[in-house]
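Input: a single structure, listed below in C-alpha cells.
Chain lettering (A, B, C, D and E) follows the sequence in which the chains are written, and residue indices restart at 1 in each chain.
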Amino acid sequence: MSHVFLYALVGTGLFTLGLYALIVHTHLLRKILAINVMGSGVFLVLVALAARARGAAPDPVPHAMVITGIVVAVSATALALALMVRVRAETGRAELSEERPE
Amino acid sequence: MKKTMNPKSMTESGKIRTPFRLLLMVLLSALAAGLGYAVSTLSSQSPGSGEWVAANLETSGVSNPVTAVLLNFRSYDTLLEMGVLLVALLGVWSLGGIPEQRESSPGPVLDTLSRLLVPVLILVAGYLLWVGAHAPGGAFQAGSVLGAAGVLLLLAGWRLDARFAGLPLRITLTTGLGVFVVVGAVLMLVGRRLLEYPPSFAGALILLIEAAATLSIGMTLAALFLGSRPEAGPDR
Amino acid sequence: MEAVTLLQWAFDAVLGFALLWLAWRALASPDLFLAIVLFIAFGLLMALAWVRLDAPDVALAEAAIGAGLTGALLLAALARLESNNETKAAHEKDHEPEVHD
Amino acid sequence: MNWDGWLPLLIVLSSLSVGLVIFFLPEERVATRTTLNLTGAVLKLVLVGVIIWGVVHRHHYETRLPLLPGLDLVLRADAESVLFVTLSSGLWLVTTVYAIGYLEGSPHRSRFFGFFSLCVAATVGVALAGNLITFLLFYELLTLATYPLIVHRGTDAAHQAGRAYLTYTIAGGALLLVGTVWLYGIAGSLEFSYRGFVAELADGHRAALIAIFALLIAGLAVKAALVPFHSWLPQAMVAPAPVSALLHAVAVVKAGAFGIVRVVYDVYGIEFAAGLGVTLPLATVAAVTIIYGSMRALFQDDLKRRLAFSTVSQVSYIVLGIALTGPIATIGGLVHLVHQGVMKITLFFCAGNLAETLGIHKVSEMNGVGRRMPWTMAAFTIGAFGMIGAPPLAGFISKWYLGLGALDAGQGWVIFILAGSSLLNAGYFLPILYAAWFKAPPDTWPAERSFGRRETAWALLAPPVVTALLTLALGLLASAPFSPLQWARSITTLEYAP
Amino acid sequence: MAAIPWGVMAILLPLAGAMACFLSPRRASPLGLITALGVVACAAGLGWQVAEQGAQRYAIGGWGAPLGIDLYADGLSLLMLMVTAVVGLGISVYSSGYFNREKAVNFWPLWMFLWSALNALFLSADIFNLYVTLELLGLAAVALVALAGGADALTGAMRYLLVSLLGSLAYLLGVALLYHSFGCLDIALLAERMEPSPAVMAAMGLMSAGLLLKTALFPLHFWLPPAHASAPAPVSALLSALVVKASFYILLRLWLDVFPVTAAGLGQLLGLLGAAAVLWGGLQALRQTRLKMLIAYSTVAQLGYLFLAFPLGSNVAWQGALYLLLSHALAKAAMFMAAGNILCFGGHDRIADLDRVAQRLPLSLAAFGLAGVSIMGLPPSGGFIAKWLLLEAAMRSGQWWWVIILILGGLLAAAYVFKVIGYAFTQAVMTHEARAVPATMEWAALVLALVAILLGLVAPWPLALMEIGLPFGGEAAG
C-alpha cells in the first residue's frame, strides 16, 4: 500500500460524494458543481494509480487522459452554465421542473 | 460519516424526502465501499504503457512524455477534443440572448491589473507552449493561460472590435482544429496514415499544431466566458 | 527517512481529507457564492495533489483551467443569475433556494 | 430464368403497382384512374388465365426471393392457390366496376382506390404464398390495407368499426406469428406441400404441434370470423358497399378461410391432423358458428348487418368441409370457398344498390322494392336462393357435397347442422324476398336518386347481374371441365394419400 | 496498405464540414448538404472495402495499440455507420427546409460535429477515445436540443446534459479501472488480457450503468421523452434514431468483446429491464396527448427490445437486436420528421386535434404510417425481420416468456400508432390557413420510412454484412 491508493480512495470518495449531491440538490449550479467534483474524483483515480510503480516515473498516458478530461470538463461546464442561465431566464428558476412527465 | 452528521443537509432540500435520502446514502456508501475495495485490490505494480511511451519517445519529436502522448501517440484524442471545445462554444452561442453581465465600470484597480497582467500572461503562455516539448507545459496549459488573459481583458471592459468579431474571430477559433485536420489530411495525401508524422518533422509539426491550438483554446475559453456571440459588423 | 515518510503520509492524509471536506462544503453550502469560492479552493488543492502525484502537467492544467477558468465561469454565471433578479426577495430565494421549502 | 419464375410475382405486382400509382393521382383525374383500375384488373385476369392454362399443362410457376437466411419469399401456383386466385381476381374486376360507379363524386377516391388495389394485391399474395411466412406477410399486409377502407368514411361508427377490426386482426396476426415462429423452430421449414410436412415430427412434438395448430387456427379464425372471433365483421359493414364485398367475398374473410385450408392440408396434412385429433374440435367450432351466425342474422333489421351475420355462418361451411376428414367433404368445403364468394358478393352489391338508389338500409324498408328495382332484386333473389341451397344454384352443390361428405366421414350429426342452417337461411332470406316482391311499395323511398329510365347506374347494376348469372352457371355447369367443382376434385386427389 | 482510408474520411469530412459551416454561416445549408453527400460516399466506400476485404483495422499515427489509437471496422460498426449515413442524409435534406436562416447558422456546424462524433464512435477501437467521442456527441446533442428555445426544450436540454455528463463520468471511471488493471485501452487487447477481478467487475458495473443511462433503458429513461419531444423535429429524429444507439453500440461492444460473459444473471436483469421498458414505454406512449411525446415514449419502448438480446445471447438474437436498431433508426427518424411536418403545418401536435391537419398532409401521414408498420413489427418491414429473429432466438433457447413481451410490445405499438393514423380518416374540414410544408421535408420523411420498409425485403444483405469480422462471436451465420 502506498500513498497512491490513499489518493485513489479519495478519488472514489469524491465521485460518490458528487453523485450524492447531484441527486439530492435541486439548484442547477450545485448540480454543475457536483458533476465537476465527480470529474475530479475520476481524474484523481486515474492519475493516482499511474504513480503506482515505486521509484519509476509515473505512466504519462493517464496524465494525458486527465488533461483531455479537464478540457472536456471545462467545455461541458461552460455549456451547462450558459444553459442554466437560459433556463433561469425562461422559467424564473434555476431548477429542473419537478413535474416529470411520467 | 461526516455527511450523515450534518443536520443542515437534511433540511436543505425539502423536495427530496428524508427516507429517500437515507436510502440513497446507504446505497452510495455501499457504492463507495465497493469502489474503494475494487481500487484497493489492484496490484501495486503498474501494468501501464509507460514503457512503450518511453521506448518511442525519441521518435515522437518531443521529450516531455505527456506532450508526446497528447500530440503524437494519442493525438487523435486531442484532435477530437478541440472539437469538443468548439462544440461547447457553438452551443453557448446558439443559446443566444444571454443577458450581458452588468455593465459596471471595471474600476481602476482591475483596469491597472489587467494592463499589467495581460502582457505577462501572454508571455507566460508563449513560454509554456515552447517549453511543453521537453518540460511540463504545452498547448492546453498555454491556451488556458491565454484564456485567462482574455478573461481579464473582458473583465476590464474590453470588447473585440466589431471588425474582427466576424470571420476573423471565427477563423481564430477554428485554427486549432483546422490545422490539426489539415496536418492529418496532408499526411494522408503524401501516403502516410492519419497524423503519422515523419520523425524528422514531428517536432515542428507538433509545435505548429500546438501553436494553433493554443490560440484557439485561449480564444475559445475567453469566448465561453463572455457567453454571447460577439456582435459582428454589418457584414461578416 | 522514516520521519520523512511519516511526514509525507501525514501530508497526504491531510490533503485527502481537506479535498473531501472542501468538496462536501462546496456542495452543501447554502450560499452559492461561498460554494463557488470553496470549489475554487478545492481546485487549487487538487493542483497540489497533482504535484504530489508527480503530475506537473496536470497540475498546471488544473490550476489554469480547473480552478481559474472554471471559477471565473461559475462566478460569471452566478452574477448573471443574480442580475436576473428584480426583487430582493427573489434574490434571497436564489441564494438559498432550498431552505424555505 | 424464364417467365415461369416471375409470373406469380407479376400477378401480385399488377395490382400493387396500380395501387401505388393511384395514390399519387390527383383527385380529379377520374378517367386515368378508371383506366388504370380496369387495366390492372383485366391484366391480372389474363395472367391468371395463363397460369390456369399452365398449371393444367404441368408448368411449374414459382417465384422465390430470399427473405431471411433459410427462409424465402415464395409465390407459387399450386392447385389451391389457383382456385383462390381465380376467385379473387375474377371478383375483383366486377367489384372494381361496381366501386367506380358507387363512389362517383365522393371525396378521397385516389386514397380509396389505392388501398383497394393494395388490398387485392395482398389477397393474391395470400393465395399464391408458397410457405407460411409468405402467407403471414401478405396476411398482415391485407390487415393494413383493409383498415383505411373500413374507416374510409371517417364517421364515428367507421372509426369504431376500424378499431374493432384492428383489435381482432392484429391480435390474430400476433397469434399466427407466434405459431409460425414456433413451428419454424421445430420443423426448420415452412414450405407448403401436399399432405403437409410436419408428420415426421409427430414423435417428440405431439403436444407442441397441437398447441401450434391452435395458435395458427386461432390467428386465422379471426379473419374467417369464426365464433368467438366474429364480432368485428358485422361492425365493419358501416364501410362502403364495395368494401363489404371485398371483406365478405373477395379478400379478408376468404383469406382467413383459405389460411385454414393451407394449415390443415398443406402444413399438417388432413390425415395427420385428424390423427392428431385437432380436426374434430375445428369442425365443432365451425358447426357452432354456422348455427350461431344464422340465428343472429334472423333478428337483424339492418340489411347489411343481416348479410354480415349470414357471412359468419356461411364461411364456416368452408371450414366445416375442410375439417371433416374425407375427400367428399373436402370437395364441398373448397367449392364453397368459390360459391359463397360469388353469391355473397351479389347480395352485397344489391344491398349497396338499394342504399345508393333509394336510401334503403333496413329490411323493413324493402316493401315492394322489387317493382321499383326489378333487376337488382332479381339478382338478389338468385343470390338468396343460392345461399339457402336451392337447386340448381351454386349453393346447392356445396351443401350436397358437404352432406355427402359428412356421411362419408361418419359424422352424421353434421346433416342436422346443415338442415337446421338451411331452415334458418330460409327464415332470414324468404321474408325479405316476400316483402320485396309481394308487399305494396311505400309512397316515397327514404332517399331516392333518379337515374332516368334505368333503375340505377349501369356500373351498379351490371356487377350484381353478372354475379347472379355466375351463381346460376356454377350450379348448372358444375360438372363442366374447369368448373370449381372439378378443380376441387383434383385438389382432393392430391391431398389424400392414394 | 494503399487502400483509401474511407473510415478516416468519414470522420474528418464532417469535421471539415462543421468548420466550413461555421466559417461561412451564409452558405451553411449548401455546405452541409454537400458534406452529407460526401459522408454517404465515404460510408459506401467503407462498405465496399469491408465487404471485399473483411474487417479493417487502421492505426492512427502509425503507432498501433497499445500505444496509439486504432480504428476498427467490422460488420457491426459498418452497419452503424451506414445507417447513420442514410438517416443523416435524410436529416440533412429535411433540415435544409426546416430551419430558418438564423437557426440554420447554429444547426449545421453542430450537426456536422455530431455526425463526425457518431462516425468516430462507431469506428473507434479504444475505450478512452470512445469517451472523447461520447462527450463530443453529448455536448453537440444537448446544444441541438436547446436550439428549439423555450422552457420545455431548455429544461429538457439541461436535464439531458446532466444525465449525459453523469453517464460519461461513470464510463470514464470504468475506463480508469480497466486501464490500471491491464495497462491498455484497445478493445481487442483488453479482450485478450481480460481476467475477472473485483476491479473488472466494478468497471463493468460503472461502464454499463453509465451507458445504460445514456441509452435510456427503463428505469433510467426519465430524461429522454422531454428532451426528444421538445427538440426541433430533425434533432428529435437524430437523437432517437442515432444518438441513443451510440451508447448502446459501446455497451454491445464491451459486452461482446471485453467483459467475460459469465454474468448470465446480469443478462437476465438487462432483459427484464428491457421487457419493462417495452411495456412501460408502450403504455406511456398510448397515454400521451402530444404526438412528439408519443413518439418519444415509443423510443423508450423500442430501446427495450434491444436488451432482450442480452439474456438470449445467441447469434440470432444479436442479429435481431441489431436489425431492430437499424430499422428503428430509419423508422423513428421518419416518424419524428412526419410529426415535425404536422407541427409545422398545423402549428400544434395535439393528437386529439390532428384530424384537421393529418389529411392535408398525405405524404407525411404515409411516412408516419409506413414507419409505424416497422415500429409495430408487421411485415414487410425491417421491424418485422428483427422481431422474427428475436422470436426465433427466444423460441430456440426455450425462454418463451420473451415471446410474450415481444408480442405484447407489438400490440401496444399497434395501438399507439393507429391512435394517430385513425385521425387521417375524418370528415373534419380544415378551418384555418395552414403554413405550407416544403416538399423536401415531406419526401425526406417518406423516403426514410420506405427504406425502413425496404429493410424487410432485403434482409439477407445486411445480415451478411453483419457477420463480417464475426462481431457476435465465432458462431456461424444462420
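In this section, a contact is a pair of C-beta atoms (placed from the backbone, for glycine too) under 8 Å apart; a residue touches a chain by one contact, two chains touch by 3 or more.
Predicted model only: the values in this text are computed from it and were never measured.
Think of each touching pair as a link: the shortest run of links from chain C to chain D has 3 of them. Among the remaining chains, those touching chain A and also chain D are E.
Legend note: the chain whose CA centroid lies nearest the centroid of all displayed protein CA atoms is E.
Measuring from the averaged C-alpha position of chain B to that of chain D gives a distance of 71 Å.
Chain B and chain C have CA centres that are 18 Å apart. Chain B and chain E have Cα centroids separated by 29 Å. As a whole-number value, the distance joining the C-alpha centres of chain C and chain E reads 38 Å.
Across the assembly, chain A contributes 9, 12-13, 15, 17, 19, 25-26, 32, 45, 49-50, 52, 57-58, 61-63, 65, 67-68, 70-72, 74-76, 78-79, 82-86, 89 as residues in contact with two or more other chains.
Contacts with at least two other chains are made by no residue of chain D.
Counting only residues that touch two or more partner chains, chain E has 128, 132, 135, 139, 142-143, 146, 173, 177, 179-180. Interchain contacts (touch definition given at top) occur between A-B, A-C, A-E, B-C, B-E, D-E. Chain B meets chain A in the complex at residues 3, 9, 12-13, 15-16, 21, 24-25, 28-29, 31-32, 35-36, 39-40, 42, 44-46, 48-50, 53-54, 65-66, 68-70, 73-74, 77-78, 81, 84-85, 87-89, 91-92, 95, 97-99, 138, 140, 217, 221, 224-225, 227. Touching chain B in their complex are the following residues of chain C: 20-21, 24, 28, 30, 56-57, 59-61, 64-65, 68-69, 72-73, 76, 79-80, 83-84, 98-99, 101.
Residue ranges of chain A in contact with chain E, taken from their complex: 12, 15, 19, 22, 28, 31-32, 35, 38-39, 41-42, 45-46, 49-50, 52, 61-62, 65, 68-69, 72, 75-76, 79-80, 83-84, 86-87, 90-91, 96-97, 100-102.
If you check the complex, the residues on chain A that touch chain B are 1-2, 5, 8-9, 11-13, 15-17, 19-20, 23-26, 45, 49-50, 52-54, 56-65, 67-68, 70-72, 74-76, 78-79, 82-83, 85-86, 89, 98. The touching residues of chain E, when paired with chain B in their complex, are 2, 5, 8, 12, 15-16, 18-19, 22-23, 58-63, 66-69, 106, 109-110, 113, 116-117, 120, 128-129, 132-133, 135-136, 139-140, 142-143, 146-147, 149, 173, 177, 179-184, 197-199, 201-203.
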